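Just so it is clear, A, B, C and D label the chains in written order, and each chain counts residues from 1 on its own.
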Amino acid sequence: MSAVAEVAARAAGPTEVLIHSIAGLLAGSRHVAVGASSPIPGAAALYTRAVSEGATRVSVLGSRRHNAFTNGGVELFDLAAQGRIDAFFLGGGQIDGAANINLVGVGSYPQMEVRWPGSFGSAYLYYLVPRVILFREEHTRRVFVPKVDFVSAPGPRDDGIYRPGGPHALITSLCLFDFDRARKRFVLRSVHPGHTVEEVRDNTGFDFDCPAQVPATPAPDAAALALIRGQVREEIGETYPKFAAQLAAV
Amino acid sequence: MSVVGVAELAAMVPDGAKLVIAKDESGVAMAAALALIRRGVKNLHLVTVPVSGLETDMLIGAGCVATLETSAITLGEFGLAPCFSRAVKSGSIKLKDATCPAIYAGLQAAQKGLPFMPLRGILETDVLANRPDWKVIDNPFESGDRIVVLPAIVPDVALFHVPLADRHGNVFIGRQRELMLLAHAARSTIVTAEHITDDNLLEDEARSGSVIPALYVNAVAHAPRGAWPLGFGDAYPADAAWMSRYITEARTPAGFARMLEAALQGPGARLAA
Amino acid sequence: MSVVGVAELAAMVPDGAKLVIAKDESGVAMAAALALIRRGVKNLHLVTVPVSGLETDMLIGAGCVATLETSAITLGEFGLAPCFSRAVKSGSIKLKDATCPAIYAGLQAAQKGLPFMPLRGILETDVLANRPDWKVIDNPFESGDRIVVLPAIVPDVALFHVPLADRHGNVFIGRQRELMLLAHAARSTIVTAEHITDDNLLEDEARSGSVIPALYVNAVAHAPRGAWPLGFGDAYPADAAWMSRYITEARTPAGFARMLEAALQGPGARLAA
Amino acid sequence: MSAVAEVAARAAGPTEVLIHSIAGLLAGSRHVAVGASSPIPGAAALYTRAVSEGATRVSVLGSRRHNAFTNGGVELFDLAAQGRIDAFFLGGGQIDGAANINLVGVGSYPQMEVRWPGSFGSAYLYYLVPRVILFREEHTRRVFVPKVDFVSAPGPRDDGIYRPGGPHALITSLCLFDFDRARKRFVLRSVHPGHTVEEVRDNTGFDFDCPAQVPATPAPDAAALALIRGQVREEIGETYPKFAAQLAAV
């Protein structure tokens, strides 16, 4: 058994499917930035860099080795406004069908019933980064709501605002949606192995487009798994040692 | 400028001050924050650059904060900030929710002595809707192009932790360049340092470009392990056991009080006393 | 990125480019400027940050410049810039007279992806009166407070000289922080370096905060004594004898041609060839 | 003869009178900045720092030892707008009686008959630095004109513009003027040793206020001369070696 075959003998786990799927969304990017507390997007970005043979530059916030910024915390935001960041990741305590995202809380602002950390850079980066990838593992009606309680960052609107950026896709533990900016709706692209369209529908609080046939999200092949379990795991481990350990143990 | 003790440093933050602090990765002066709590500072207007964690949570828990201007408060991998969440629900602090680049822009306006800075994005958000102090204008160079303008944030005091300072008050910040913004924007700057050198950092050709000159620095205190229980660069990691206990205990005021007492007895105790 | 020759570097500045260059104290890539002249670059829109001397004077003298955006052109202790003076009188270049902080502000707008930056002062001057591209607005936060707004200056290429670069394209600038602004604002950045190291400058904990990362750098050329006839920091002083001859000779086009020929035969000759 | 007496035995030269007079204008400043090509103002600022026992901070542009800036060329301008620079120096190819200054040239802009370097930071700093000291050694009607040909920086006006700064004094090879900001006129304060009010009047192209009695500009005493010829000469020599050598030889 070859080294690649050996390390890839174990079937792809759900986290590896996510890393591989996100990497697919990043293909062709010149520069991908990854925010704080984002091990899976970070691994996906580092995977993309590896297969691009260096054509894709990656800046992982919180990393020392995979982050070349030297002008302080503002540099990411300056680069984004210049159009020098092609892809970035945002989450959301709530996300609705118009791709509005809420990172602030549940209930009426300011004395909210549930308070999350806050909007971070979303109110800005969502407007400016061409491929914003929404990533939220928990796929429930608690998260995917008809309308967010607080708009940290709005989905695209026909309002004449300077907006070179916006949502590109949404990936969860169940599936992958594209976002159709013209129609301002999510479109189900694929369902992860072991899950169904019905499960997606049952757990999504907003309406979305769904083709008659929805394929399964492709799982990484042996070479891809070897890369994830080898170089990518080692690189992401610098910033997220616990995550890298879990990845090895999957 | 002379090197002072941490308690003396903390005495330089008056009640009611607009205090600007750094995010965890930049260097957090936890020993000094604990000294502030010990002396019972009140009514702080806290500005986090641009986010914060344990430092803000403990200052809120100890009743030191009246107003909080932030882009996010989180204990990161350890979880949500319990005292912050409680204060939001009870309405005991005034919230000025922001977004990261808006905090940088407000401080840059202060650094540049400008009344305001423009910034892209932010329009049509509930962040903007809840900030009556922010305005929207027409881009003077393109009619119909609306753009947000943010007033200067001029802190009274900047407080942060650095790896190295000298006895003249020059402070080495390495790649944490946002710390220079804090020092330039604030009316006064007080710093804790992991190490103090007898050399003049401005005369070190390799380091001098990453030095905040004494011109901006009002006092430096020597505080080894001064970021504890947080980590500090490559020097030491966060005290994960303490943080895990905190995230559970601090869900109640009584539990928070126990953790605060423990922190005041911790590695910084002799510094903060 | 790979390390290229000076001539190859100069080939990366197309005719008609908006080229941004540094003041004498920051680090002037004279060897590369001479290579530009040798290859006969035309119609440059030259932006000096914020002032310039010999480099601009020679580019003007050699007929490379169509537009000049500057706060001042002077050869300092050696005297007024002869080709610049001649070109102004003859009207052969288009002048965009500025003031130092306005050049910084325009570049900062570009760095930040902003359409404009506000700036104090400048009102009621003939500088403003001759800049129809600058505007005056009411401070949105204080009615009746007029303030100048400056459009972003987005250079096509930034060109300067540094003490040290590595083979990845990381560039050490020490305290010459304005060079980072040039690199951030421009669409591409090309650099000559006094020394090239095999180390990775970003991994040098002392220096890394004063490094322009390769992210912004399109090419580096090794150019020892690359600022000659100008001086470069502590490394070498200006060639005073050459400068004194220049200031006299360049008063006539023929004299300038002789000095240009001499410069092209000078220490940079083998680099610029 | 004591060391001080010995070094000060030679009478004060004109340059030393200028240095000493300018230093008098700087007294009490917390932070004095000195621009490029300004050896005499630089020496005056370093003198002020020496006698202040460190209370006055000095930033000499072009110096490595007497300049602590680490944020690039913009730092001086940022500090000035913050009110953190108390005193700065400007020259002028032309200066008129309303304290307008012209650093651009003679004739009609842009194709001027005589072209000087340009406005440098004057259009900005003149508005923002409380004590701008105008320094121009050449005292002729060519320089001190009724009205400047080009306004690089305007004298104070009642125009409601934000203007915490402005002209404080004008010092030349002949004399020292104060500037009265309320009345917007220069007032002759003193005439340098060896010169007369008539000489000043003959060589000034604008009208100015002149008291009945105009004192002589005080010359530096022995202690002041010793300081100028010792520590100050050594410190300014780092940036202006030729000037320091001339100072020694005066």
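Side notes on the structure shown:
Criterion: contacts are C-beta pairs under 8 Å (C-beta built on N, C-alpha and C of every residue); 3 or more make two chains touch, one makes a residue touch a chain.
Predicted, not measured: the structure shown is a model, and the values here were computed from it.
Looking at chain A and chain D, the chains that touch each of them are B, C. Among the remaining chains, those touching chain B and also chain D are C. With each centre defined as the average position of its C-alpha atoms, the distance from chain A to chain B rounds to 29 Å.
Put simply, the C-alpha centre of chain A and that of chain C have 41 angstrom between them. Centre-to-centre separation between chain B and chain C, using Cα means, comes to 37 Å.
In chain B, the residues touching two or more other chains are 113-114, 119-120, 145, 147, 175-177, 180, 208-210.
In chain A, the residues that reach two or more other chains under the touch definition are 69-71, 77, 81, 128. Those residues of chain A lying in contact with chain C across their complex are 31, 57, 68-71, 77-78, 80-83, 128.
Residues 23, 25-26, 49-51, 70-74, 76-77, 80-81, 84-85, 88-91, 95, 97-102, 104, 108, 119-128, 130, 144-147, 175-181, 234 of chain C are the ones that touch chain D when the two sit in their complex.
Interface residues of chain A facing chain B in the complex, by the touch rule stated above, are 36-37, 61-62, 64, 69-75, 77, 81, 103-105, 109-113, 115-128, 150-154, 157, 159-162, 242. Of all residues in chain C, only 110-114, 170, 180, 184, 202, 208-215 touch chain A in the complex they form.
Contact residues on chain C toward chain B in their complex (touch as defined above): 113-120, 135, 137, 139-142, 145, 147, 149, 151, 173-177, 204-210.
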